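Worksheet for the structure shown next.
Going in written order, the chains are labelled A, B, C, D, E and F, and every chain counts its residues from 1.
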């Protein structure tokens, strides 16, 4: 199904094992989802991508749930089916209620609508925004 | 500059005036930004779009700032220049700090990156997500 | 301003001149818009692109105005500023009224909104549509 | 399969039933497609979205078939699989012939191609278009 | 599964047969992939599209493998599942190694990330680039 | 012009100075383009983004010019004006000729066209590609 078959035993490569171990420790779970297995074909890309995800998604000025919802909004805009499946679950696990999901959807849909309108009307930016 | 020149005196049309009055009352400001003036060419589209924005962006299960940040994330993904200018200001007005903006950017950028990767590898959805 | 400066005198290349002459004859105007001047840097790409535009945009099962409006809808979705400027003018020249433009905008905005929703909910395709 | 399982008996909620009844009356069919069932998780989002679809897709300055084809063009650009399935059927039901579909595809494909070219060459907008 | 069922015996139409014969001759294979069968519903669109593909993808100033990889990068950005399946195979057939694929992915992911950042920050173009 | 004004003297922050020094050393130039100055508002995001760019764009299984051209193809698809300006210059500096640019454009345009077609026809993936 995947474009590139992931390695049968990815953790035989110690660089992959180190990343997978860190994913398990960071997320406090044994579950490694298919995205990481796909990237295991290239340990350098895997390590860089996980490093970026770990640094970016950790709670900071924004909490972890807000970050997951932003991820879902981008993934809906890009029609990324896998990312929608995984990050909606991620957001639910971090506390997103059905009401929050519905509002996330409403804002994401609205933004896509008005983006097209503002683009098509070629609305000049108000001096108040500069 | 705009595709369609907005009417010179849009509020001469009472349907437009009613919408602009509601924008001013809802936002507690006299400022009507160019997006609404552009839509004033078609009072029906203006009224429907404002109705949707008002209902969607009101605080509910998600607070108003989170909604603005979701808007910015979608607008960055779609490269909507006007929307980025207006909604970043909107988010700042609702309390977004520079640190929050930087994290919003980091998550938005990361999601666009991993969306492309998950799509290209055609990663099968884990049964755990179904 | 452009990424690649167009040639100062593009029609000195006879392959470019042949295309420009055909554009003028087909459109019954002396005006060659900047898109074609930009492509004149590569006469083969210019000739192939114009050939495709000429064959595709000619009225057939769909009339010329409907085709221009479809072009605008796609360009709004992609945020292509130049294409929005040129094809909105093209549609107006072919008879698009302000009312038609407003409805074109409304449908384009709506489709972008519901595309995001259908993607994010990962709605299964009804067996009735298969 | 869906991100959020739709309610088993959505019309037990009277707000959902009212929307579904209006869909059936407007479309003169008993068939409620999965998109609306997915949105039934949030009756407010369902009602707003249906209200917008009903107002936007009704024939006006543009006929209903032209509107469906514009929808398909946007959905192809966004790669929205569900929307392509449902709105291509919608267009066929409103009279789209195979010849019209082929021309719709040709224009949609061409616009996506030239959008990328105009963007990449950063073509300056002709003064004639301003 | 497809939006429009391809004709059962497409080569009964001699215009389709001519294109399919040229695909087989150009690619030195008997295999006609489903994309071309889908387009066979409209022989004119099929012929124009194949003509463009043949002219564009032939090695020239860029070699055939580089062209396939550019195709994959665009298809990943657009989330075109079919195109990712077919053109990744095309690139492998032309010599793309797993290491090259991983770097293609890395650049494609990075470009999508920084596109969003540059858009959102509305970075002014340096005078050095003009 | 920018959404967020870059700091007046970004290198007063030693974390920013370290990144800028590395950009200058890696690229063997004193020129720091505006993208990096914009990111200097958040030294952590700046450092992570530069680290990713440096690791990803270094020549490896793909040469530096091929990587720049892939970047341009993605940026054209996303309509990222800044990225098109900067990375087209980057590609020229690494040896891209006008003929190569024209072919890059041709492939990028074609891929965007056929992506839309394959999506809209919902072409099933050939078993030969699985």
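Convention: contacts are C-beta pairs under 8 Å (C-beta built on N, C-alpha and C of every residue); 3 or more make two chains touch, one makes a residue touch a chain.
Being a predicted model, the structure only gives us computed values, none of them experimental.
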{"item": "Where chain C and chain F overlap in contact partners, by chain label", "value": "A, B, D, E"}
{"item": "Far-end chain from chain D, centres as C-alpha averages", "value": "F"}
{"item": "Centroid comparison with chain B (C-alpha atoms), farthest chain", "value": "E"}
{"item": "Between chain D and its twin chain E, rotation from the CA superposition, multiple of 5 degrees", "value": "120"}
{"item": "Averaged-CA centre spacing for the pair chain E and chain A, given as whole angstrom", "value": "26"}
{"item": "Chain E: positions in contact with at least two other chains", "value": "1, 3-4, 44, 48-49, 52, 56, 74-75, 77-81, 84-85, 88, 99, 102, 105-106, 108-110, 112-117, 119-122, 130"}
{"item": "Chain contact topology (line, ring, star, complete or other)", "value": "complete"}
{"item": "Residues of chain C touching chain A in the complex", "value": "72, 75-77, 79, 81, 84-85, 88, 105, 108-110, 112-117, 119-122"}
{"item": "Partner chain A, residues of chain E touching it in the complex", "value": "79, 84-85, 88, 98-99, 101-102, 105-106, 109, 116"}
{"item": "Of chain C, residues touching chain F in the complex", "value": "3-4, 41-42, 44-45, 48-49, 74, 78-81"}
{"item": "Chain D - residues contacting chain C, complex", "value": "1-4, 31, 33-35, 38-39, 49, 52-53, 56-57, 60-62, 66-67, 69-71, 73-75, 77-78, 80-83, 85-87, 89, 97, 99-100, 102-104, 106-108, 110-126, 128-130"}
{"item": "Chain F-touching residues of chain A, taken from the complex the two chains share", "value": "1, 44, 48, 52, 55-56, 130"}
